[in-house]
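Chain IDs A, B, C, D and E follow the sequence of writing; residue 1 opens each chain.
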Amino acid sequence: MSMRTVIENKVSWINIVDPSQEDIEHLRRYYPFHPLDLEDCLSSIERPKVDEYENYLFIVMHFPIYDPHARISRISEVDIFIGSGYLITLHNGELTPLLRLFEECHKDERARSKHMSRGAGQLLYGILDRTVDYVMRILTQVGSRINQVEEKIFTEDMRYIVEEISVIRRDVIALRRIIKPQIGVVSNLERKDRPFIREGMEVYFGDIVDGFSRAWDELEDHREVIENLSSTSDSITSYRINETMRTLTVISVLLLPLTLLAGIYGMNISLPFDKQPYAFYGLIGTMVVIVVGLVVLFRKRKWM
Amino acid sequence: MSMRTVIENKVSWINIVDPSQEDIEHLRRYYPFHPLDLEDCLSSIERPKVDEYENYLFIVMHFPIYDPHARISRISEVDIFIGSGYLITLHNGELTPLLRLFEECHKDERARSKHMSRGAGQLLYGILDRTVDYVMRILTQVGSRINQVEEKIFTEDMRYIVEEISVIRRDVIALRRIIKPQIGVVSNLERKDRPFIREGMEVYFGDIVDGFSRAWDELEDHREVIENLSSTSDSITSYRINETMRTLTVISVLLLPLTLLAGIYGMNISLPFDKQPYAFYGLIGTMVVIVVGLVVLFRKRKWM
Amino acid sequence: MSMRTVIENKVSWINIVDPSQEDIEHLRRYYPFHPLDLEDCLSSIERPKVDEYENYLFIVMHFPIYDPHARISRISEVDIFIGSGYLITLHNGELTPLLRLFEECHKDERARSKHMSRGAGQLLYGILDRTVDYVMRILTQVGSRINQVEEKIFTEDMRYIVEEISVIRRDVIALRRIIKPQIGVVSNLERKDRPFIREGMEVYFGDIVDGFSRAWDELEDHREVIENLSSTSDSITSYRINETMRTLTVISVLLLPLTLLAGIYGMNISLPFDKQPYAFYGLIGTMVVIVVGLVVLFRKRKWM
Amino acid sequence: MSMRTVIENKVSWINIVDPSQEDIEHLRRYYPFHPLDLEDCLSSIERPKVDEYENYLFIVMHFPIYDPHARISRISEVDIFIGSGYLITLHNGELTPLLRLFEECHKDERARSKHMSRGAGQLLYGILDRTVDYVMRILTQVGSRINQVEEKIFTEDMRYIVEEISVIRRDVIALRRIIKPQIGVVSNLERKDRPFIREGMEVYFGDIVDGFSRAWDELEDHREVIENLSSTSDSITSYRINETMRTLTVISVLLLPLTLLAGIYGMNISLPFDKQPYAFYGLIGTMVVIVVGLVVLFRKRKWM
Amino acid sequence: MSMRTVIENKVSWINIVDPSQEDIEHLRRYYPFHPLDLEDCLSSIERPKVDEYENYLFIVMHFPIYDPHARISRISEVDIFIGSGYLITLHNGELTPLLRLFEECHKDERARSKHMSRGAGQLLYGILDRTVDYVMRILTQVGSRINQVEEKIFTEDMRYIVEEISVIRRDVIALRRIIKPQIGVVSNLERKDRPFIREGMEVYFGDIVDGFSRAWDELEDHREVIENLSSTSDSITSYRINETMRTLTVISVLLLPLTLLAGIYGMNISLPFDKQPYAFYGLIGTMVVIVVGLVVLFRKRKWM
């Protein structure tokens, strides 16, 4: 679809959004890439990996993209070829931090110099650094949604809480699935020394590994906290069921005897005191005594 | 039962469906197979394995077959002998991707050339590649059933949700049990180099290992998502129990006092105002006041 | 209690049921066994183990015996001494497959030849092979009990389901505890080569290890399935509680207003229309209208 | 507080109950112990450990003491110095098996000879052997409490079951915490050979390791069984809630329509058949028909 | 913000609270620190780590600070540079044990001598020792809150219990997250020998590792106990729901038949015995008989 290039010093960054068959053809002609790697760039989601060749690396990485409609993070794939003097990124254009960095390098002399002057390895670091920040921002958003649930769990309607917990947990599962294999991929980059990733960059890639590890720790944290909230919300609902039951029971126990008494005095037979003018007040008084007695009993058993 | 052969170049593929005693006898006579291996071909389900001999391999693999009646995936076994110049598959004819590949090789010159021209190792890769695709399709179906539950969980009747979750979880357990040992079997094939699996095939078998690993990851994902759904459905049911209880309580609390009042004025004794012509309207008015008061109270406590 | 011997070729199998002090004394006199091992034979349940000595092995194995009264599998211990030219089994006579094999060897020339002609190692394999079959049969029985619960879970009374799940789960816990250490014991036998276990037997012991591993896998499967059933049965019970609550609520909501209306017209005061001859039919009509209205409302909210 | 000594052959066993500052001072003067170790003897609960020095070992072990008031097992610490020709135990006097062994050695010539004639290593073994027995007895008690819950779970009042499960589970958690590190400590003793623990004792310490491992296995077993009971008891309670709900619903559904009918015939208006002498029997008959009809319906739906 | 120094012998301890840009500038000028480390001191929360350089160590540690408002422990970071002759601590001033130790060294000659006379390694040990004590105190507080819940769980209102369990569990999750990586950091310090951490200090750092391990064990314990409490509280709530239900059912079953009987005798038709003067007593007697009968029935079924 769209292939654009930025050149600085001796490094060129080729960014291909939605790679078409011709783009791949172009790469095939001018670069020494293995046919299988080029095929992978066109096919859908692959597993994250680093394929190592003599004079280039083929890196497949995944990043989460939050889909607000499905309320879940989906996988967004970036394919990277890195060799001596070039770095090629292929993706579907969703990953804004990558696009933004490209724009900066494209427009701004200083950004270009900062990210590209020391070779392709430095540029790769720059890209990964941005994406780590991006991932951390997504996790922070998840964290603040969890905090909201935490604050409302003892007061809010449970329907909202239950749905929110379910949706966040679903998202955390998806994010874990996406983040986990990235650590392996970047550790791999850190460990091995290659000529076209300039020396002295390991420290920097160590930073990226650290970033993904922190992301992973935070996701673990999120997962445990959401489990706690889920368990708490279930306990609260059970508690409320008991409270509701208790209210119903208290009301029934208070009113049913009075209704029975009224029913008895409504029977069409000869009733004691039924001719007395103050029978009504006697009966009402009896009812009050019953109610007061029951209330005292409930208070004792801590039901009211 | 049925033994058919396709020959291409120097490789022959013998496909035996529902192997009979005679088929085994035939193999025993013409091939250097260990008696124990031949016995295994006749007996029921074995554990997946690769038995290595000097001049041939005996491979037992399992694949899932979805049984729509029991709504669960069952094991289907394929036994493979692979040696220099031949590949023999024994199974009960359920595994369609294998049958289809055999038909293709049988009928289509080009397919035969594509899958068999480079030796038995290539043919084995072809068979495994098809079965990986087949397994992924099964997992995609499970995934879409999970998605359906996910979409309906907040609206649908819980009976359907509970049954669906139980059945899918049962199937995921079965699939995990089937897929897991295959990774070991195929990794085993990838690692070791044998003369009759032509050199340069390791990369390809690496692909198959990758495929099964992806299948395993997806099953792990399915399992976590289904656990989340199960936990969510339980929370929703509890929530609904509370809501139903609350409705009953509200109705009872609203109507019981009125019934009591009516009961009191139904008593066969001298009642205050009972001779007044507007007593009825006074009592109805009192009832309305009680109801309105209770509704206001419920609104405050967020019960209505 | 009872010591019997079968001799074939140069191997003798001594089978001791309920070993008494004298039996042990006998072994002490004629065999080079360590006193601690002989003590172990008299004492109650030990941990499964293989104790290796220069010229004999002492093996303690456990097998499950299903106790139909307690509805749980108990441990049954077999102690085995194996040395050059002899194999001694000590147990309490519960383990039928072992007894049956002894009887076969005792009575049947061919069975004796088949199991004992190649030395004590072969006989040990024969015994273990039988017990593996026996263990698999027990697991199959557990599996069929699980299947029964699975089939009935959506229809049967929950009391039966809950009790059945609890009992099966208890039994699976017991079986896991019994089977697990056996794998280690038999792997141990497979690994090391000893003079009195004839060469070439490792493949066969590999078979036994495989058998116990399969048993373990099946138990893991059983455990996961029973967890699923337990979770499902809880969900179903919750669902049913809600359904029962809903029925009660629907009935109450339908009948309470009518009862109130009847109560109002039962009040001993001047009522509107009370002298009309068709007042009754008017009121019954009103009641019908109320019921129909409520039913329509319930239908809309999917409560009926 | 109290320091007593038993001497046999060349080994002396010094038993110090509730060590005071002077006791420690005494040890400091006459033994080559590290100051930190002596400090540890005065301070409260340490982690179990074996500190190895050139000519002595400092061992800290924990044993469970059941506290009947808190219904939980607490940690009881024993500090042991073992060197060439002496063994010193420091503890707070709670651990009866240790005290009893000391008394035996003190009073009984033969016990002294049996436990101390072969050196300090043998004495250490004797002490540990007793404490293993003691631990097993405690676990057996826990096991029998679990069995009681198991037997009563389907019949007894749930309040007792729930409390019992909670208390036993709490105790199992405490016991696991106490037992687990002991295995490491004793394995450590088994592995290394020291001059003052006479040669040939490893087999015996292997016995102790075995004992603690068995204790650990049994605790794992207890834990799983108690989880099963907890899950079962929750299922039973849910089941009972549904049964109680169902009883209430059946009663309400049976009686509410009759009450309504009676209410209707209690209205003070002209009623059909109200002047008939057999109206009463007609209405009662109608009521019976309603009840019988509802009962038949409930029977069909398996509610009664 | 505030930089203060204590000097003893040849060691100087520089304590910087809320490090400003100028403080960092100062360090940059006079010390050989890596720019990345200095940046870390200004930025927010890092992962705990030990960065090793030729002539200094950069240590980032985390400690929990209990936030009484949010009822959860937050991370408090301390950055430490340690080199030959100096130790520099940077933090935000929250960690009281560190501040207190600084004050002691500042004011008290003897404390200064005790903690700083043997070099920077000893001072580091002193600081870590204090913080371990501080962490243990926090865990003890959590433990006593758990004990309170444990004591009240069978008597107190569930709302309090549920909220308390949720809050404590949340705090335990946070504490686990904070404590866990510290063990790795301190183990790292223990293992490697550096010139500026004087020889013979490993034993002491072993003490610190031990302290953090004990903290971790206690947190594990807390976690298991809180899970037990959570499970118990859910069981109790379910039990209470059933009890409440049962009370309601018993009341309804007792009173509804009497109400029906009264309703029947309230019908405006000719009733049997309605003219008898003792009809009232007959009916009341019937009611008593019904109630007594039902009570006997309930007693039998253990509902009362």
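Going forward, a residue touches a chain if its C-beta (ideal position, glycine included) is under 8 Å from a C-beta of that chain, and two chains touch if they have at least 3 such contacts.
All of these numbers come straight from a predicted model, not from anything done at the bench.
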Inset, instruction - Would you mind naming the chains that touch chain A and likewise touch chain D? - result: E
Inset, instruction - Report, in degrees rounded to the nearest 5, the angle of the rotation taking chain A onto chain E when the C-alpha atoms are fitted. - result: 70
Inset, instruction - Compare the two sides of the chain B and chain C interface and say whether they are made mostly of the same residue numbers, over half shared, or of different ones. - result: different
Legend entry - Where chain C and chain E are represented by their mean Cα positions, the distance between them in whole Å: 40
Inset, instruction - Can you check how far apart chain C and chain D are, centre to centre, with Cα atoms defining each centre and the answer in Å? - result: 25
Inset, instruction - Specify, in ascending order, the residues of chain A that touch 2 or more different other chains. - result: 234, 238, 241, 245, 248, 252, 256, 259, 263, 266-268, 271
Inset, instruction - Make each chain a node and each touching pair an edge, then name the shape: line, ring, star, complete, other. - result: ring
Inset, instruction - Please trace the ring of touching chains beginning with chain A, moving first to chain B, and write out the chain order. - result: A, B, C, D, E
Legend entry - Parts of chain B lying in touch with chain A, wherever the complex brings them together: 150, 153-154, 203, 210, 213-214, 217, 221, 224-225, 228-229, 231-232, 234-236, 238-239, 241-242, 245-246, 248-249, 252-253, 256-257, 259-260, 263-264, 266-272, 302
Inset, instruction - Spell out the residues on chain A that touch chain B in their complex, using ranges where they run on. - result: 36, 47, 157-159, 162-163, 165-166, 169-170, 173, 177, 230, 233-234, 237-238, 240-241, 244-245, 247-248, 251-252, 255-256, 258-259, 262-263, 265-268, 271, 273-277, 279-280, 283-284
